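Structure, as structure tokens:
By letter and in written order, the chains are A, B, C, D and E; residue numbering begins at 1 in each of them.
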Amino acid sequence: MPATAAQVLGDRLDTFPRLLMRHASARGGQVATREKDLGIWQAWTWSEVAAETRAMACGLSALGFKRGDNLAIVGDNRPRLYWAMCAAQMLGGVPVPMYQDAVAQEMSFVLENAEIRFAIVEDQEQVDKLLEVKEACPALAHILYDDPRGMRHYNQTFIQGLDEVVEMGRIHDKSHPDFLDGEIALGRPEDIAVMLYTSGTTGKPKGVCQTHASFITAARSGVDFDSLGPDDDILSYLPMAWVGDHLFSYAQAMVAGFTINCPESGETVMTDLREIGPTYYFAPPRVFENLLTTVMIRMEDASALKRRMFHYFMAVARRCGAEILDGKPGVAALDRQLYALGNVLVYGPLRNVLGMSRIRVAYTAGAAIGPDLFRFYRSIGINLKQLYGSTETCAAVCLQPDGEIKFDSVGKPAPGVEVKIADNGEVLVRGEMLLKEYYKRPDDTAEAIDREGFFHTGDAGFFDEDGHLKIIDRAKDVGKMANGSLFAPNYIENKLKFVSYIKEAVVFGHGLEKVCAFINIDMGAVGNWAERRNIAYSGYTDLAQKNEVYDLIRECVENSNAELSHDPMLSDSQVHRFLVLHKELDPDDDELTRTRKVRRGFVADKYRVLIDSLYSGKQSQFIETQVRFEDGRTGMVSADLRIMEAKTYPPQSAKKAA
Amino acid sequence: MNIAKKILLTLALMASGGAVVAAEQYIPAIDYRVGPYAAGGSGFFGGAIDYMTLVNINGGINGVKLIWEECETEYNASRGVECYERLKSKNGGASMVEPLSTGIAYGILDRVAQDKIPMTTLGYGRSDAADGRVFPYVFPLITSYWNQAAGMIKYLGDKEGGLDKLKGKKIAFLYHDSAFGKEPFPVLEAYAKQVGFELLKLAVPHPGNEQQSQWLQIRQAKPDYVILWGWGVMNPTALKTAQRNGYPREKILGVWWSGSEEDVVPAGDAAKGYTSMTFNTPGNYPLLDELKKKVYAAGKGNLEDKSRIGSTYHMRGVTAGILWVEAIRKAQEKFGKGKVMTGEQVRWGFENLNVDEAKLKALGALGMLPPVKTTCLDHEGSGAVKVQRWDGAAWKSITPNWVVGDRAMIRKMMEESAGKYAVEKKITPRDCSKEG
Amino acid sequence: MDTGRKIGDVILSFENISLSFGGVKALTNIGFDVREHEIRAIIGPNGAGKSSMLNVINGVYHPQEGEIIFHGKHRRDMNTYESAKSGIARTFQNIALFKGMSVLDNIMTGRNLKMKSNFLLDAIYWGPARREEIEHRKKVEEIIDFLEIQHIRKTPVGRLAYGLQKRVELGRALAAEPSILLLDEPMAGMNVEEKQDMCRFILDVNDQLGTTIVLIEHDMGVVMDISDRVVVLDYGKKIGDGTPDEVRTNRDVINAYLGVAH
Amino acid sequence: MFYREAGQFKATYAEDSQIFPIRQDRIGMAIILLVAFVAVPLFASPYYFSAILIPFLIFALATLGLNILTGYAGQLSLGTAAFMAVGAFASYNFMLRIDGMPILIAFMLSGLCAAAVGIVFGLPSLRIRGFYLAASTLATQFFIVWCLTKIGWFTNYSSSGVITAQQIEILGYAFDTPMSKYLFVLIVVSVMALLAKNMVRSNTGRSWMAIRDMDMAAEVIGFRPMRTKLLAFAVSSFYCGVAGALYAYAYLGTVEPEGFSIEMSFRILFMVIIGGIGSVLGSFLGSAFIVLLPTALNVMFHFLEKDLGLELPSGISSSVELMVFGALIIFFLIVEPHGLARLWQIGKEKLRLWPFPH
Amino acid sequence: MQFFLEVLLGGLLSGIMYSLVALGFVLIYKASGVFNFAQGAMVFFAALTAVGLHDMGLSLWLAVPLTMAIMIVLAVAIEKIVLRPLVNQAEITLFMVTIGLTFFIEGLAQAIWGASVRKLELGIEDVPLEFLLDNAGIAISQFDLVAAGIAFVLVAALAIFFSKTKVGRALRAVADDHQAALSIGIPLQQIWVIVWGVAGFVALVAGLLWGARNGVQFALTFVALKALPVLILGGFTSVPGAIVGGLIIGASEKLAEVFLGPYVGGGIEGWFPYVLALLFLLVRPEGLFGEKIIRRI
């Protein structure tokens, strides 16, 4: 096979199938994919992966999969599902990875929209979902499953095991050895490589069509940026339908030739992370935040001595850890010594138990990350960086270069990417990694990409003095206060949410005199805090209304106010009054989206009475709300909510200037 | 945590202990003061240490002071070996060792030869070790088990009016069922054959606190004498059981391990009139008075219970002390007076001991122990014993002279046995004619 | 393999089995049969002799009277080793796992009859012994995968929740690749979800591996749902035998047992 | 704390079922072996060899033997010393009566003799359990020592029943110094410990543990109780037999049957329990504890007396040593009823999860 | 025949002495499931304390009750310091802890009273009954008869204690089922103190009798070894078992030693009782009076 592969390839590494073939010939014996299965890390080398993928492609072709067809891929991160993407690409088709936890109805839109004929799914569960919507999607002609467990009695002819198809493909490949190479050769960089559906906060999902060229460009710039190579390991555990996973686990892996590692199951991700100890890691802020919370909670149970040691060295790390990681001068010699000691006693072991000992580079993206959180990881020696991007930009607009990490910016534009700020503050992007189009949505495409070829990200931001991009909010959410100053609710909310005690915050201020806020406390963190102080409480509602909790939250709000006062553009957005809600905002009550974003308008309407009280200067307000429990029943929660004033600070910019 | 640290610290100290070279003659005291045999251990080592204290008070051996260090073995062979190994190289090296335990003596038998440290086994251990050609470093001083057994038969014969009168008699041998108890078998069997008495061997399983069946057998067999070869709790139990079975204790003759106060006192009245062997003549001696005056009056006595001064074990310890000191003194005569002797030199001293009556008299111990004269061939040096009787309050000697059995016969047996050992261990016996 | 199970011939049958302990009769004149590939349930109130029946099947108890016909051979009783050897595996009413061992080791024990290594080879742990160990480990991992207990693979069984222990015990029995599987109240003490899982496993085993299953269970819903035929015992006597529907309408059974429930 | 397990993933079952799956453990073990085989011989004094290390290793081997029986197979035994005696006297006779018998073969054969005796005395275990079995094994203890005392042939008709071990010589090299004896014992013990570990982690060990944990279930899944129990008795006795031979040949040199007394059996049982039931590591820890503690206490008391001038009557200090020893056993059992091995395991877990508490 | 009778009687009387020691084991095992290895040490400690006090000038009538008080203090201390932290631990752990206790008690006894051997006179002469000796030619010790009498009184007292008193019934309840006992409100701790106290009392009686026989010395701890085969034979949990077992063991070991011993070199008493007990167990694994072990699965 290498011989033919070489012929096909030439030197053009411009499509993913060609990259795969190249790896198979250049480093055929090295491990390409691992999966924890049956107790051990099963491994496949590049040449095995190439062979499997070929066979799968041939099999698909034998079933009638043609150039231009879309292939739905549904399931957890399984090696064969990754390979299936490449198999589709070999035949000139387009893989459409879908969220595996979506319910059948949610799936049917994509299936219909993308005119899916072929679907490769993980297991019985996904097959069942597809069968549920099959009526609605008459085009769906073949469902291939990876895991045969429980599939014995599905005797519908259109349901087949992937094994069978691969076997069929092997025979097909043998009898038509040139067929697939020909198909691969037909592939062009400007072909659409993958279609990723964006969930979108409003409206129906849109299929973002990305070409081989754009994803390879995006991947390559990242790979070069951090000099990733075939010896790196990454844990592939994020949904395959998310652009982040596609960039890191597929595109970059194909470009750099590093190993992707699929966890055994959702529950074992943390264990598997620890076992593999990846050198390259990617996670949304939420994951890092949860990790930190568990670290802190687990440390609470430690003996007093150990706890003291931990906090002492964490203080040392806060003081100088990030600077030492950045290789900045000016760290006191004593601090360096202490940090080295801390590295033996705390940071090293901590990285180890988190499974991050071997990490060279870790990225976070997808949402804003709290500076404290960010600083924590960097200070214990994990090279965590932020990147900025979206599905439409192959998740690669800005990156933080090593040594130039700022906690509140998303870094500098990636090589080959042009970024400018529109007059209304919106961030505009141009470069090869832009989407080709929204699938079957020419209007939307035209709206998103202007005539100059700039993509409108919808985010508001600005460049700071060092040329780092700072994102403050969604452009459409940015409003004006009554006095005309900028009001960026998400920015303020995120600031509040970075405190571990606050889970959600909703601020109001657009067109108003001052800013007020609803707060949701974090049950875990505050509960723990309360227990340590022997504050008894019976549940969320009770805990939320404790005086001590209010004082705690006020402190948090005031801290955030103090920080805001330093920002010339946002110092008017300090929170004057707040209340702690009597219930947690919940997607089941439609207050949050499924991705846990606040539905601002809905909340404002639902709690109108509370907002009125906030602005009317009342000290408390009674409210009764209907809630939906997990089992579908509904009930009422009521409480007399206190409203509290928070201290605000005069703008500090004047001083700074002086 | 703290304890562990201390242990480490002391272990470290222990390891470094060997380096100090002292101007004192050092004797490790591998003793036992707890456990079932504590009475013997504390009495014996009490006596030996008391005597050494006295020697020091009197100015040492030509000015050389004696020092000693104790180590508790609990009569356990393994711990005894550890004690020996730990103590042997301290304070410039041990000059000699005396474990007062057959098991420990066996455990260090090879080691003392290798370390060139003489070991005395006063009245126990391998009898054939008296053959100094095969066992150059072992000294079963005064009387080995075999000579003692010979002495017993001799005494019984004398009692009957001649050894030949024992012909046709029945002698029961009631023994502790162990190496110790079986040691005199060859001698007794040889005598039985030679003299023509019937030997009835009765084993008492360890620890010997129940002897009903043995004494019933004795009651039925009605032997003329019972030789009691017991140890520890076996002794009072034997006497008590004899009484309850109506066997006259006057006809019971005990080995010296069955002849201490500790063996008879618990038996109470059942012991009155019982006889046993000893190699000390019970009584008071000027030496004991000196001990009381100089050592105990000064509060330096080793025994907690002063009434035990002069008791069998204590006197036996004093006896051991005398012999040790005399051996060192003898060695100094050859290798330099006032110097500290090495183990090898002390060995020479032990091999050339000559504690005669004049010497004993000078020490204030005339008659307390028989004269001892050792040679390269004979590491025993005496072979004499006495018989004592318990009168309900104290032991009284009942043989005016020292009793000695057929030493020639015993000597022959010893040489045979030692020869066999030498062959097994591939040892070439020394040629004593070449020894100076 | 292809189109599901077919219930085959009788492979095990009992005639007039009577068992007593020191005068107390546990079973009296019990007779029934088990067909290949079927799921056969034994039901009855507490103390009806259900567990005793299972104990007779795999040779823990030896009946005083009666005959057992196993694979066409007539015999007075079974013995534990032989029955294990001839492919009868079981679980126990009160979980009988090896508490000191991990889940993995517990299931590995189930494969002991398939292992040829001896203690000398084991001691050297090189060559055949090691190869064998690894080979069987693979099989065991498949069972672990099947029962979805990957995450507790190396946990000592003593620390597991009840439901999981039951699952591990089933795993141990499955490791022997039995032809007949005796399950003594596999769902006792489980919550609804755990019961559903267990049901699924039992059906899968029966279906995919063709294993004959003899089952004691209290949950009537489950029994009637999954079993092919049901024997009803009461006070050591058989009072009913037949398909779930037949049993459901049997007068004696209703009086003795079901009547209480419905 | 020292454990860095991230990235130590297992790609094969062979890797996963190693004795030490964690790299740091392997390194630790390598260091221990290096110390035992190189550093100790270079730096230790003869005292350590002959009074501490050799008995420690020999008792560790005997403890390992008993642990196989009691810890793994669950059969409580109090006759360990008797099996050691069989080993010691058997090897003596093999060496004595067969010319040119290689010592290692003699040890093997003596182990086999002990194993045979073990099988015979293991037969009651098929019916008797728990303390009843333990007390019954005392029959072994007394009977065997009695036989060795009574039957002259065993001791080559030595008048007192004492035997003197021949020199250890392999291929002309005589192991006659404390260090060489130590190395000899170390090699034997290391190899046998490895073999034992292998047994307990494979089917043999599982069969023992199955019988121990739930004998009825073990029987039902096809383990044969008789075979399993007797195998445990045989293997256990084999280990004890070899330990006994080493005790005679590499440690004491001259032994009497009474030396293998019931106290010794108890001592070994203490080692098993203090060290940790069902743990190979525990056998070594237990042996170290029981062998070293009295010595350490003795040394400490001497230290207190001599260097701190704490004058105690000589009898009392021995008694107090005994009391402290007893109190420490009680203390350790209260702190960790499952022995030192469990204590180490907990500590290791803590280190692995450091800085987290659990 | 007469000799046989003599051996038999002697054996039976010795057996009673064994039973006395075995009784202490049974009490503790029955009530707390602890195999108390320290029973021998307790016998030694009790006897040594009594004699020690007596030697200090106290009359026996004072020394013995005082010793009993000390034994109760010891029982309380053992319960508080040793047993309470180990509630619900495995049998073997509890067994082991009593071994630690053995060392401690032995050390304590010798630290207080020294290691020397002491004499104890109870005022009962240990001589053959002349009447029997003269008429039947059978030597039976007066002392043994008294000891047997005391043993029987003790057993009777214990039997009454167990069946008639409230505490005794509570003890039995605990023995049968810890949980049940707890649920009806019997404090386990208190029970343990009582049971160890009673065992201490039995140890004292055994210590006095054995001490008067053989002298009060360390070797008293060895009498425990004589009690073990009695326990195996009689069952760990049965008071009558201890008595009957003692009688059987005593008689048979004497008969074996006298009539069998001479053929095999003698000294077989050490192991014969164990082998006998072992053979017996093979027939009845739970001992003579032990509760039947039912293997349930």
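FYI, a contact is a pair of C-beta atoms (placed from the backbone, for glycine too) under 8 Å apart; a residue touches a chain by one contact, two chains touch by 3 or more.
Computed from a predicted structure; not experimentally measured.
Listed by label, which chains are in contact with subunit C and with subunit E?
A chain counts here if it touches both subunit C and subunit E, which gives D.
More C-beta contacts across A-C or across B-E?
Comparing A-C with B-E, the pair joined by more C-beta contacts is B-E.
What chain sits nearest the middle when you go by CA atom centres?
That would be chain D.
Starting from the Cα centroid of subunit D, hunt down the chain whose centroid lies farthest away.
Using the mean of the C-alpha atoms as each chain's centre, the farthest one from subunit D is A.
Among the chains, which one keeps its Cα centre farthest from the Cα centre of subunit E?
So the farthest one, by centre of C-alpha atoms, is A.
Taking each chain's centre as the mean of its CA atoms, how far is subunit A from subunit D in angstrom?
57
I'd like to verify one number: the distance from the centre of subunit B to the centre of subunit D, where each centre is the average of its C-alpha atoms, in whole angstrom.
The computed centroid separation for subunit B versus subunit D comes out at 35 Å.
Indicate the whole-number Å distance between the mean C-alpha point of subunit D and the mean C-alpha point of subunit E.
Going by mean C-alpha positions, subunit D sits 32 Å from subunit E.
Take the average of all CA coordinates in subunit A, do the same for subunit E, and state the distance between these two points in whole angstrom.
75
What parts of subunit D, by residue number, touch at least two of the other chains?
12-13, 16, 142, 146, 149, 216-217, 220, 315, 318-319, 321-322
Counting only residues that touch at least 2 other chains, which ones in subunit B make the list?
Answer for subunit B, listing residues that touch two or more other chains: 33-34, 38, 42, 177, 205-206, 304.
Going by the contact rule already set, what residues in subunit C reach two or more other chains?
60, 92, 96, 137-138, 141
For a test of understanding, state which residues of subunit D touch subunit E in their complex under the given definition.
76, 124, 127-132, 135-136, 138-139, 141-143, 145-146, 149-150, 216-217, 220, 262, 266, 270, 273-274, 277, 315-316, 318-330, 333-334, 337-338
Would you mind writing out the residues of subunit A in touch with subunit D in their complex?
Where subunit A meets subunit D, its residues are 34, 39-43, 233, 274-277, 295, 298-299, 301-303, 306, 309-310, 344-346, 348-358.
Please output the residues of subunit D touching subunit C within their complex, sorted ascending.
Against subunit C, the touching part of subunit D is residues 12-14, 16-17, 195-196, 198-199, 201-207, 209-210, 212-214, 216-224, 231, 235, 278.
In their shared complex, at which residues does subunit D touch subunit A?
1, 3-13, 15-16, 352-358
Quick check on the complex: what are the subunit C residues that touch subunit A?
Within the complex, subunit C touches subunit A at residues 4, 104, 137-138, 141-142, 144-146, 150-151, 153, 204, 207-208.
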